[in-house]
Every structure is written in C-alpha cells, then in structure tokens.
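Heads up, the next two complexes both have chain A, just with different partners, chain B and then chain C.
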Partner chain A sequence: MADGLEPPPFEEEQEQKEEDDLFSDAKEKPSSPDTDASTASNPESNADGGEVEKKDDDEEEEKKDLFDDGGGSEIKLDSDEEEESPTSDDAHRRSGSGDYANPFDSASTTAAVAPAATAAASASKEDVTPQISVSQTSTSSASKVSGTSKDSREELENGEDENQYEIKITVTEPQKMGDGMGAYMVYRVVTKTTNPVFRKSEMSVPRRFSDFLGLHSKLAERHPSQGIIVPPAPEKSVLGMTKIKMSKEESGSADFVERRRATLERFLNRTATHPVLLADQDFKEFLEKDSDLPRATSTSALSGAGVMRLFHKVGDTFEKIAFKMDENDEWFEEKQQQIEALDQQLHKLHGSMEALVAHRRELSQATAVFAKSAAMLGNVEEHTTLSRALSQLAETEEKIEAVQKQQADTDFYVLAELLKDYIQLISSVKEVFHERVKSYRNWKEAETMLGKKREAKAKYEVLNKADKAAQVKQEITEWEGRVEKGQEEFEKLSKVIRREVSRFEAYRVEDFKNSIVKYLQNLMENQQKLIKYWEAFLPEAKAIA
Partner chain B sequence: MSNDEESPTVPFEDSDDPDQEDDGGFTQDVTINTGTLPLFRVSVTEAVKDGLSLQFTIMATRIEGDRGLVVSRQFEDLEWLHHQLVAGNDTEGIIVPPLPMRPEFDPKSAESKTKKQLGSDCNILRPDDFDLECKAVEKYLSLMLSHQTFGRDKNLETFLCEKEAPVRTKVSKGIMGWLSTTIDSARKSQHKDIDDYFGKQRVWAVEYTRVSREASLNFNKVTQSQWRLTSGLQHLSTSLSATLPFKDDSTRAVNKLTLKFAEAVESSRKGLEAVSQTDEKTLGFELDLLARYMDSVKEMLFQRTCLMIVYEDACKALEKAKPQKKQAAEEAKIAAEGAYAHCCENAKKELKTFMRQRILTMQDGLVAFTESQIRTSRDVYSNLVQVLKDVEAEA
Partner chain C sequence: MMDGVDDSPDLLAEDQETRQGRSDTVDLTDTSLMVDISDSLSERDKVKFTVHTKTSLPQFKKPEMSVVRQHEEFIWLHDRFVENEDYAGIVIPPAPPRPDFDASREKLQRLGEGEGTMTKEEFMKMKQELEAEYLATFKKTVAMHEVFLQRLAAHPVLRQDVNFEVFLEYEGDLSVRGKNKKEKLGGFFSRLTKSVDESLLSGQKDVDDFFENEKQFLIEYHAKIKDATMKADKMTKVHKNVADSYIQISTGFVLLATIENTELDKIFTRVAELLEKARKLEGRVASDEDLKLSDTLRYYMRDSAAAKDLLYRRTRSLADYEAANKALEKARTKNKDVPQAEKAQETCCKKFEKISDVAKKEIAEFKTRRIAYFKKHMVEMVELELKHAKAQAQLLKNCISSLQEES
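Here is the complex of A and B:
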C-alpha cells in the first residue's frame, strides 16, 4: 500500500539530488486521465469523509517540516525524513519518501502522470537545494497525492470509475415568460448521464435564469475557500434583459438569447466535469429536482444581498492591497506570474477576436448590398444571357453572404466566447489563490499571537505572577492549537489549489484543442461551400457570349 | 526612309538614344497608313512617383513592325491627349472611350486610401500599388487605338512615340460655363424624342448608368471590407503568435495549438488578400469601366439630342419663316438634318459595338473573377486540411 512506489528510485534520487542540473530540462508528459481522476477522486473521498484524513496528515507533517524553517532554506531530503518523528510509521515514512520519490520517478520514467505546472516536485526540489531551477514540468500534485500512504492504485481505480461516467447537459428552449418588467427567461435543462449518483439517467427540468445565478452564487460561496475553482456563470445584463422584457415579439434580440443559452450550457457542463462540484447537493438538485426551485432572490442586481456582495468585494480588494504574503513556495510564485500573463494574453486575444467578428459582419453586409446591385444591373441589362448571368451572380453573392455571416457567428460562439469564459475562469483562479493568502495570513496572525502570549508568560514568570502566568499558559495552549490548525488548513488549501490548477490547465488544453478543431472544421466547410457556389456560377459566366 | 529598309534592331529602344538622328522612320507619317487598327500594341508596365507627379511607363509596339518604344507620361498628358482627340475629330454619335480617373498618389491620399481599405485603426501604409491605374491607362489607350475615329489620330501616335510629352495648354471651362451646361443638359435631357429607338435608348442609358455606377461602388465597398478583414486577420495572427514563454507542459501544449491556429489564420488572410487584389483587377475593373463608359454613352446621346433639338427648331423655323428668310431657313434645316442624320447613323453603329464590347468585357471580368475565387478557396482549403491534421495529431 504505501509501497505504491518502489524504494530504488528513492535511493537513486538521493544521489541525484546532488546534481544541480537534474531538473533543468523539462520533460513533457502525456496527459493522463487516470491520474487526473485519481486526484479527482481524492476530494470525492474527502467529501465522503474519512479515508483521506490520514493521508493529509502525513503530507502535512512532511510539509510542516518543510515550512518550519521558512522558505528557501537548505533542507536536505535526508533530514526531512529523519525529522518525521510524530507518526514515524514505516509505512508513513516510505509514503513520505514516496512523496518525494515520485517526482523523480516520473522524471526518469514516462509514467502516465498529469501534465501540468510544476507542483509538489518543485516544492520539494526547492527545499532540497534552492539553486535548482524550477523548470521541471514533471508531475503535478496528482502524483504527490497518489504517492501518499493510501493505496495509490486504489485511488487510480476510483478515479477511473469516476471518469467512466458521462454526463452531458444541454440548455434548450429559451422562452420568455410573463410581460413587461416582470418578464423572465426560462430554459429547459436536459441532463443525460451514466453516473449512478443521479436518480435517473435522463432528466429534464425547467429552470429560470435566476436559478442558474443562484446555483452559481452558492457554489461560489462554498467552494473557493476550499481551493476549488468554480466555473463562471453568465453575468446579469440589465440592458439585454430590458430589451427582451420590453419587446413584444418572441424574436427580440435573438443573438442575445442564444449567447446566453450557450454560456449557461458551458457553465453547467464545466461544473459537471468537476468531481467536487458534481457531488455538490445544490448542483445535483438543480439538475434533478422536477419542481421549480425556490426563487434565488439574492441574485438580483439591486437586492440587499447584491449590495452586501459588492461591499465584500470592495473589502476584499483592500485586503489584497494591504497584506503582502511572504511567498516561499516557488511553484505558487511562478503560477501567479503565469496566471497574470495568461490573463493579459487572453484579454488581447479576445479583443482581436471581437474586432475580427465585427469585420466579418461588415463584410457580409457589404456583400448583401452588392448582391442587390448586381440583381438590379441584371434587371436593366438588355442582353439576355448577360442579364441572366448577372442575376445568377446576385444569387451566388447572397449565398456567399450567408457563409460569411455564419463564419462571423462561429468566430464569435466558438472562439470569442471561449476566450471570455477563460478570462472569467482566470479570475476564479485568482480568487482561489487569494483564499490561500487569506489562510496564510490567518495562520501567521495566530503565530504572532502565540509569540505574544509566550512573551507575556515569560514576563509574568519573571515578575513572579504565578496566577497570571498560569492563565496565559492556558491561552498559549489554545493559540498553539490555532497555529497548528492554521498551518494545517493552509497546507491543505495549497495542496487542493495545486491540484485544481493542474486540473484547470489540463482541461484548458483539451478545451482549446477541441475549440480549435471545431473552428478549423467550420472554416474548411465554408471554403468548400464557396468553391461549390462559384463552380456552379462559372458555366453561367462562360456562357454569356 | 521606310520602315523596311531599316535593319532590325533591339525591339525596345529608348527613344532618347542620342546616336540616332531620328528613330528609324518610326514617326513617319503614319496617318497615311491604312492598315487595320490598332496600329500599336500598348502596355503600361509601371507607374512611379516622381516628385509631384506620377509617371507612367508606356511601351508601344507597332503591330506591323518589330520595334517598340518606351515613353514616360503623366496623367495630365493623357488628359491633354483626350482633349485633343475629342476636339480634333468628328465625335457626333461617337461613344468616346472614357478617360481614366485621375490617380491619387500624394501621401495624404495614400494614407486615406489605406485607411479606407484597412480600417481607421491600421497604422501601416499599404505600399504604393498603381497596378490598377496602369491597367486603366493601358485599357484607355487600347480602346482609342482600336477606335475607327481615333485610332489613326496623329496625336495618339505622338503621345506614344515622342520622347517628350506634347506641350499642354490649360483647358478650363470655367465655372459659369459648367453651370450653364448643367442646367442646359437637365432641360434638354427631358426633351421628348422623335425617334422611338433612340427614345428607348435614352431611357435605358439613364437607368443603366445609375445601376452600373451603383454596382461598381458597392463592389468596391465589398473589396474594401475584404481588405479591412485581412488587417483584422493579421492582427489576430500576430496576437496568437505572441505565445507565453513558460515552459510547463500545458503552456507548451497550448502554445503549439495557438501557433497552428495562427497558421490557419495566416492562410485565410493570404487567400483573402490574393482574392481581393484579383477582384479589383477583374470584376472591379470591368464594373468601373462600364460605369464610366455609360457616362460617355449618355454624353453621346445628349449630343444627339441637342442636334435633334437644333433640327426640330430648324424645321419649325422653316415653317414659320417669312419669305425672305425662307432660303436661309431651308439651308439651315438641311444642314441640321444632315448633322442629325449623320449623328444617328454613327450612334446606331456605336451602340451596337458598345453592346457587343460590353458583353465580352463583362464576361471576361466575371469569368476571371469567378475562377480566382475558386482557385483561392481551393488553396486555402488544402492549407487548412494540413493544419487540421497537425492539430489533431497534437496529443
């Protein structure tokens, strides 16, 4: 069980760690759904409670040793192992070593591990010798987790089971209900799944827009503090909805409705791929419950809850400015930079994409106008075959216009919206990072408090105030507990975040790839259409004279 | 010296070769030559900015010889030539090949042209591309050379052969003259026709001029839109190529994908660029020529209308004439009638020729236009096939 990893690699690594260059070449690892799943399965088991507790403890112990000396100090791997006194179970030790061995293991082998950012590997490496550049892109915390005391193979199996279940959600039939300012949109949410956790394999429920927002806000309240990245939900658009509310006919702003529907669909599907979120009761209820959900009144933009949200957001912002965390974890430092850079890049791409969509729409309009001119020219033209050819030209141009419009739509729905989603996802990621900073701060504040209490105790002892000293001693014990808890939570959060981030990154690669493939296929289809239309016209043109 | 006695020399000699006293009989009095038109084959190879003027390089080869000449002319020379051709020949009933538009080549207009084409957020200037202007000048000269009325005009020959461009004198109609002409034409164009055929032609010409002008303008707008789209695609592919430098697996994987995607975007852009350039030279060119030719047709019909009115007036005058004026009136009427009839005869021929010409050039334009669309789409498609394969191969 703890022998999930063989000793030899570990021994090997003991020699290797002397060499500085060991991790300077990044090795690429193929993405592995298994290990992803194993990571994924972890929080599952967490949620179910119990079995993973011990695992976490082990890691925390190791981590405690890591962090005790503060960041960047040279801690030999050996010493870490030796310092692991409290629960020096052989198994734990080996699991601990397995923990460290794993990155090296995967460095030398091409074991299927999740491709992701530098994770536990870098953390441990950093403490081994800070000089080693953290460029190795070996395992993620996935491997760290799987290397822990619990049977890693067991976990892998669990993980695989998880991923074997499919779930596909579609949001359809947008309908406007009601009239005037009280009008709202209702959608049909259809879920098809093989996951036995749901009561039925196919469900179809009606949901209104505020239900979606309600679900999102509950998830966003509950999970980011645990380090889980919650997918973004569409924003409330006062302008868009007002247009719909005010318009009499069904087809008001079809674009807006479609855009919203697509966003809602993506939100639900993304949420469903996350094991923790999928297990969330509210999410399950959202998909399953046949009757209407209780009105989520706190989602309306102008409600009391809305104002409180804004208030908290402002407070948060100040917090972020005021407290600067002492980042001693290179992995996190680099990740923050990456996330920032990615954010900027996405913004830029999104801008380019939107401009492109605008150009395409403009082109299709110009083509439509020309098509009409060509038709008119054909009408006035006296020569019969030229006249006919010109009319055919007009028809062809109309078809071309349809293709151009469709292309603009694809640009928009496949790419521009994807980029927008990711921009929002990134802000969720940032939020999760921020939670970690908050946790760190709590921990450190507790430490400071403890220090003060200790000082006070010493002072009282010197002053021979035994009763006061005793009182403080009690407080010390209390604060020691808090410090321990603070550290525990911080480390747990860091671990979860690492896993989440690598999950996010793997997901991102898949997502981008799928979207690009879809986009290219569409582009190719359109070129084929153009060829077809023009080839149909050519004989007409040739037959003029 | 006649051409035949000259030993064949280099096909294109520079006419400013100081060794030659004359150019080997090149500029011999060719108007006597009753050979078939055109007498010259013309090509305009390039246009170069020279200080404040745009110089066209015009190569002319005598059809019946093997020698060619290269001259440099600017638009004002062409304008002057046009004036001389029209003034020096009997143009009644003749549809005069239209003069090309004055080329814009000063920095300001180059900038505004680029902005119009590439959008106002574009910072680069499109490099000077006077292909269209060259093509227009070439077409004009060919049309003139092929025309019965103008093809043998000495001025045309001088234009093509003399090293130095002929001296120009300012031709200005003045504002007042222009104003009176406009009012005049508005009134006269409403004048009912005595001839059924021409009556219909006049109506048709007005309609057709309008729709052809509109079609030409709207086609140009489509092309401009296409140019703007290419700059948008350029922008996107540049953004895509600015990949993040991080070395972790997922960033590298995404980078590979985005670079492949950038390839696809570039392919689209190049295709669109190529197609737009061809569009301008094929259908765009023909529609523009058609619209300008229609102006000429309208002008010709207007002239005929004027003659018709003169004739009508002369007839009326004759009826009303007092005995002593009768003789003069009679003469006037006969003169007017003659002019009118002559004009109608020409006009009918010209209209027929124009109809035929129009159909052929439109066909050429449409065929070339369509073929280029097909060709480019095929090219882009095959590029995309490769890119898609590459993307799907990325694990």
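Here is the complex of A and C:
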C-alpha cells in the first residue's frame, strides 16, 4: 500500500483534522502550527500547490507508516504538538477555513471510506439514505465550484493509495433459516468498490451472524497487539435471537432484526475504513468468498474457545489492576484522561437519548390511540361540518403519529446507536492502550532481568567463579538484546497507537458531525411535514358552520 | 406557592387570550351582571378565589362587590341549582373540577430528590418547567371557576337565583362545611338510585321524537367524548415528557462540549442551544394541545353530562306525569279523592310541559354553543401548531446551515 507514494503527497501528510487539508503545506514545515495556520489561511496557495490532499484519514495513515521508517519524526512531532494544543490550533484553522467553502464537505464528497461508513449507517434507514446523497451531492457541487483544485488533488491521489478508492458495504435481506433452536439469520453482504485489490467491483455473499463474530475474533486476535483499533463486535443477544428462533412468522421481531442489521453494516463499513484491516486476508475473504464460510464455532459463548476468552479477559483485568505503568509520555497520559472523560459523557448522553426514544415511541402510540377516539367522536357527532372536521382531525393525528414514529426511529438509529457504537469503540481504544502497557511491562521486566544478570555476573567475578560468570555473560548479551527489542517494540507500538488514536479522533469528528447534521435535517423535515398536515387541516376547521 | 395570577412574561401573553377565551361561550353583550375572578391565591391545601361582580340589577345591594370564595362554595352553589325543580328544564352549567395540584407537587418532589444526579443548569431548567406547569394548572382551575359563574350570570333565568345573589354578595363564609359522613352516604345512595333510574328510563322510549333522538345522541356522545378526553390527556402528557427529555440531552451535549478537544465542541454547543430552544417550542406544542384540544373535549364532556342530566330530569317528570295520570284514572273509577288526583295530575302535567319547552330551547342552545366552541378552539389550535412547527423548522434550518458552514 505504501509503495506507490511519491514525494508531494508525502510532504502533505498530516493529522486528521478536517481543516488540515488547507494547512498541510504549512504543517510540513517543522515550525509551530500556529504560524502555519496564518500562511495556510490562504486557500489559493494550497490549491496552487495542488498538493493539498483530499481529506483522507487512511491515506495519511499510510504515509505516516513511511514516516516511521524514514525519519518523518519531525512531522510526527508537529502533529503531536497539534494534538496537545488542539483547541488553539483548531481556532486558527477554523478561521482559515472560513475562506474555503466547506472543506468539511469536501471530506464528505470524497467518496473515501469514512463517509461510506456514515452513508452505510444511513442506509439502514431507507428514507434517510436519499437525503444523505442529496446533501453530499450538493456539497460536492459547492466544493467543485469553490475549488477545482480539489479535483486535481483527487486525481493526484488516485493512483497512490488504495484507500482513495470507494468501498461501500450494505447488509440486506435478513432471512430466517432453519427452525426451532437451530434457526439462524442469514444476511446478504453486498460490497461495491473501486478498489482493484478485490476480485470484483461488486460482490454479494451470504453471511450468518456467527460469520461476523468469527471475523471479528480473528481481527481482534491479530491487530490490537500491533496497536490497531479494531471496531467492536456486534453484540450477541440471547433474548433477541431466542424470540426469532421461536417465532413462526417473519415479522416476529422486526425491530431487533433491523437493529442488528444496521449494527452489522456499521461494523463492516468501519472496518473497511481502516487500511490495515481492509488489507486483512480474513476480511477480504469475508467480503469476497462466494460460498459459505466455515462455521465459526469458537464464537459461541459456551465453546472451548469461548471459555478461554473468558479466562483471558479475567486475567487481563487482574493485570490492569496489578501493573501500574509509569507514564512519562504526556501525550498518552492526556489522551487516556480524555478518553475516560469521553466515555463517561457518552454513557450519560446515550442514556438520555434512549429516554427520549422511549418517550417518543410512547407519544406516537398515544397519538394513534387518540386519533381512533377522535374518529369515533366524529362519527357520533350529529352536526355535519363538525363531524367532518373531527374525522379530519383524526386523520391528521394519524399522519402525525407516523411522523413521530419515524422521528423516534431516527433518534434511535442515527444518534442513540451512534453513541452506543462509540462507547464500544472506546473500549477497543482502551484495549489498545492496554497492549501498550503490556509491551512496556515486557520491556521493563527485561530490563529488570538484565539488571539481575549483571549483578549476578559481578557477584561471580568477585567470587572468582569464572565459568559461571561466563555463562551469565552470555545470558546478559541475550537479555540486552531483549531489552533493546522490548524498547523498540514499545516505541513502535506507541507510534502506531498515536497514529491510530489520531485517526480515531478524526474519524469520530467526521462521524459525529455527519450524524448530527443528518439528525437535524431529519428533525427539520419532520417539522415541515407537520406544517403540511396542519395546513391541510386548517380549512376543514374553519369550515365548521 | 404562587400568589395571584402574576407570572412570567411568556404566559402572560397567553393570559390575555385565555381571559378572553374563558368567556367566549358566554354572551357578554348584556352587561347588567358581570362576574369575573379578579384574583386568586393558592395556599397549601386550598385555593381562594376573589369573585368580583359589577351589576346594574336592582336586587343587588351594591353596584360592585368582591368576595372571597373557595371551591366547596362553588359546589354548594351548583348543588342548589341542580336540586331546584324550577330549573329542571335547564342545562345547569357543569361544576368546576376540584383544584388538583397533586401531580405537579409530586413531580416537584421527585425533582428535589433527584437533585444530586444532575447538573445545576439541568436542575434549574427542570424546576422552571415544573413551576410553569404548576402555574398552568393553576390558571386553568381559575378559568374553570370563572366560566361557571359567567354562564350563570349570562343565563336569563339562573342569574335571578337568590343563592347566586348570596354567593356573589355575602361577605362572610357561606359555612359550607364539608359533607359529613351521613350526607356523603346519602349522596352516594342518591347517585346510585339516579343511575339505576337512568338506565331504566333510558330504556323507555320517548313519544317525542326530538327528545328520543337527543337522548340517544347524548348518551353516545358523552361516552365517546369522555374517551376522547382521556386519550387526549394522555397524549399531551406524554408530549410534555418528550419536550422535557430534551433537557437532559441538551445538558449531555454541553458536558461533551466541555471535555471535547476537537472542533466538535463548537458543534456540540450549537446542538445544545438548539435543543434548548426546540424544547421550549415542543413544550408549547404540548401545552397548546392541552389548552385547545384536551380542555375543549373535557369541557364538553361535562356539559354533555349536564345536558344528559336535563333529559333525565325530564324523563323522570314524564314518569311522574304518567303515574299521576294512572292515579287519576284509578280515582275516577273508584270515585274517591278525584279533586286531589286531578290537581296532582295537573301539576305534573304543567311541570312536564314546562320542562319540555325549556329543554327544547336549552338543547338547541347547547348544540350551537358546542359547535361554536369547537370551531374556535380547533382553529386556534391548528394556528398555534403551525406557528410552533414553522418556528422549529426555521430554528433547525438555521442551525444546520451554521453547522455546515462551520468547519
């Protein structure tokens, strides 16, 4: 992936803030971000450079990889500084970005992975999908107007990194297979991509829920230890599935199925946005392989593997309590605190959101019940025009009920589930932090061991036990090697994690922004529907004579 | 507790409207007797209404007066009208419901208990909301009591009642003690017999088509409107809950904004502001729905019950009349006590005919009133709904475009 990189984008490699596009030129200079911001506030210079990359988190990731090897540490530092003083930088960048129409939207128009995830999330609600595409196209035209240079940037990028390619995954057609306790749901996973790494540009494969879990467990075994944040697995729900298994008809638990389908879709799209995960063989196979995948039995909670997982989890928890890492990296300390605070707030907000969803659903039911009662009253009413008006009122209330129901669904699928996803993602982030702690511990333990060996050697030398001293000397060399390796690995892991966390932050910003705008748009449309319905009813009310 | 009817500017605007609205079913062009509730005081357990009267009628001692009355005294007055046979053919304006602040008090208490779990702003907002609710309930009860008096004052026959005069004039307490056990039991029994009578008599088909139809109509209508009132109440209550839940979400976003280290903090702040404004609008939608829809249904539920009562009284008097006829026949055959029987029969006949005459007019007026009231309030409700929906749509539009610009 990283092979085809050429110098120009190389330089531009930057942090994942949206506005970074504009300032990438400036940021390349090892000078402070603040001064860069002022120079970067001139969009033209960026455009001219033709180097401002289009917004692509992943692409930047790739380039960072190179940097790690090739002394890009300078730039790294810059980005780190930026991380540490984000608010002031943001303020600067924002002032700059004012000139540039919708750089944020440019991010959404670039059909790269991040929007795909949100688009996929929106696909879960059919009505909403068209709206998103509309907003995207409108902003894309806007950005086209404001900066044709953007397109040229896109072209520049195209050849370089597969993450420039689109990939959009949808999970559709949930179908119940089998009967009774052996029943299970099968979903159709449809992938559309321009990425040449895949065999076809459009693939459609059947997958069952355990396949998803199997995929996740493989990814989770392989990547977090390398510092990669793996999107969390879709939840198992014994209750939900049992209801489905036991119910005869399809429509049994439509809500549960829809919720699960949406979660699976988000999971796949999030995974696909990550360049490393996208390249994972198992992931590719999951998307591509036409036939059924081998049953992932080890995902079952009661299987042997399940029990082992439980063991490890418990062990991990003890570890976390027992070993307190001496954190001398400010960045990590700060990040961890931020993540904790974020976790807490997301939990709270999620709770409030769920309360809203519940109330709205209750409201739509109450409205439906009232509508029926009003209709009956209309039937009884002896005066003709009043009777008609009451019946019309009942009809209007029914329409309003539909709006309220849809609103509750949006509350849920766009915001509540988003918050839930991020709460889970944060636990993946914490896991990756923990891997770093483990790596640190290994290193330090190796150091301790080395120290002991050195002491032992010194002791033997004093006691004049030459042969033992020699043996220990060999061990010392071995341990010295281990210490070095331990440190190397720790530092490498730390770097990867920094990058991952930055990527996560940028992704989070984009995701939240998109979702919030989408949510508000939906709210607005619903109000407009209400306006329509009431305006239709008003003459009826006035006609009472 | 709130003193008087003073309140926040928001609600004041509505106050003007409701002051007008209260009396819209009553013809105020006749100014010879004008009654209103000029002040009200909510004390721990009871509400004290200051009833203010302006009159040019001769029977009153002074042209203007003010007295303080409590809810029980209104009920006393209503009962005096109901039991007066002279008014048997009239739809007696329904008694105002007892002031009930229990629900509000409970909510305020629960809020107080949960104070520790929320931020200061959140708590203040919720407290404000509850206080506004309390105030709204208070205003409603004042309105209900006022309309009752105004309808009495506007009715050509009822306004002449001596008890009414006393109610408006007498400055002391009307000594309306709460019903003691015996009276309560007695009341219970009379209600029981009444409903048994009602069901017996409702089975009886009336010779007069007009009254037969009206009876059928009112029985069904009352049942349906009672149901609709209940369901409307539920709907507006839940709607208020939805509006209130925005408070927590808005707070959540504010908190997120404070810990946020990316540009999301601005977005979160905007969303929090938006939700705060949207919540107020949603709350308005819910309370307007309550005022214009639920209250309309509720009032006509009571009024139609009063009309039903009228028909019941008439049917009762018809039964009496028929009984008197039979007694007369019997007396004639036995040739004993004929003059008494004749007199009794004549009285019953006169009574029945009077009731029937008056009832016909009253029922027709009831219908006209109902139609006008529904129309007015439905139109007002729709106009308010439109106003709020448009405001919300605009609010959202502005927020969305500011979020999209900002980057």
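Following the convention adopted for this analysis, the second predicted complex is superposed on the first by the 383 of 545 C-alpha atoms of A that agree within 3 Å, B and C clash if a C-alpha of one lies under 4 Å from a C-alpha of the other, contacts with A are read in each partner's own complex, and residues count from 1 in each chain.
Everything below uses one rule, namely that contacts are C-beta pairs under 8 Å (C-beta built on N, C-alpha and C of every residue); 3 or more make two chains touch, one makes a residue touch a chain.
Remember, predicted model here, so these are calculated numbers, not experimental data.
Chemist: Is the arrangement of chain B and chain C around the shared chain A a clash or a fit after superposition?
Modeler: By the criteria stated at the top, chain C and chain B clash after superposition.
Chemist: Looking at A:Arg259 after the superposition, I want to know if it touches chain B, chain C, both of them or none. Which is it: first, second, both, neither?
Modeler: Touch partners of A:Arg259: none, neither chain B nor chain C.
Chemist: Which partner chains sit in contact with A:Arg436 here, chain B, chain C, both or neither? Use first/second/both/neither.
Modeler: A:Arg436: touches no partner chain.
Chemist: Mind working out whether A:His216 is in touch with chain B, chain C, both or neither, as first, second, both or neither?
Modeler: The answer is neither, since A:His216 touches no partner chain.
Chemist: One more residue to check, A:Ser373. First (chain B), second (chain C), both or neither?
Modeler: In the superposition, A:Ser373 touches chain B and chain C alike.
Chemist: Scan A:Arg208 for contacts with chain B and chain C and give back first, second, both or neither.
Modeler: Neither chain B nor chain C is touched by A:Arg208.
Chemist: Is there a shared patch on chain A that both chain B and chain C touch, and which residues make it up?
Modeler: 338, 341-342, 345, 348-349, 352-353, 355-356, 359-360, 362-363, 366-367, 369-370, 373-374, 376-377, 380-383, 385-386, 389, 393, 505, 508-509, 512-513, 516-517, 520-521, 523-524, 527-528, 530-531, 534-535, 537-538, 541-542, 544-545
Chemist: Looking at the complex, which residues from chain C come into contact with chain A?
Modeler: Result: residues 217, 220-221, 224-225, 227-228, 230-232, 234-235, 238-239, 241-242, 245-246, 248-249, 251-253, 255-256, 259-267, 271, 274, 278, 367, 370-371, 374-375, 378-379, 382-383, 385-386, 389-390, 392-393, 396-397, 399-400, 403-407 of chain C touch chain A.
Chemist: Which residues of chain A touch chain C in their complex?
Modeler: So the residues of chain A in touch with chain C come to 17-19, 86-87, 90, 94, 97, 102-105, 139, 338, 341-342, 345-346, 348-349, 352-353, 355-356, 359-360, 362-363, 366-367, 369-370, 373-374, 376-377, 380-383, 385-386, 389-390, 393, 505, 508-509, 512-513, 516-517, 520-521, 523-524, 527-528, 530-531, 534-535, 537-538, 541-542, 544-545.
Chemist: Please give the residue numbers of chain B that touch chain A in the complex, ascending.
Modeler: Touching chain A from chain B are residues 119, 204, 207-208, 211-212, 214-215, 218-219, 221-222, 224-226, 228-229, 232-233, 235-236, 239-240, 242, 244, 246-254, 257-258, 260-261, 264, 268, 355, 358-360, 362-363, 366-367, 370-371, 373-374, 377-378, 380-381, 384-385, 387-388, 391-392, 394-395.
Chemist: Residue numbers of chain A touching chain B in their complex, please.
Modeler: My answer: residues 26, 28-31, 115-118, 135, 137, 334, 338, 341-342, 345, 348-349, 351-353, 355-356, 358-360, 362-363, 366-367, 369-370, 372-374, 376-377, 379-383, 385-386, 389, 393, 502, 505-506, 508-509, 512-513, 516-517, 519-521, 523-524, 527-528, 530-531, 534-535, 537-538, 541-542, 544-545.
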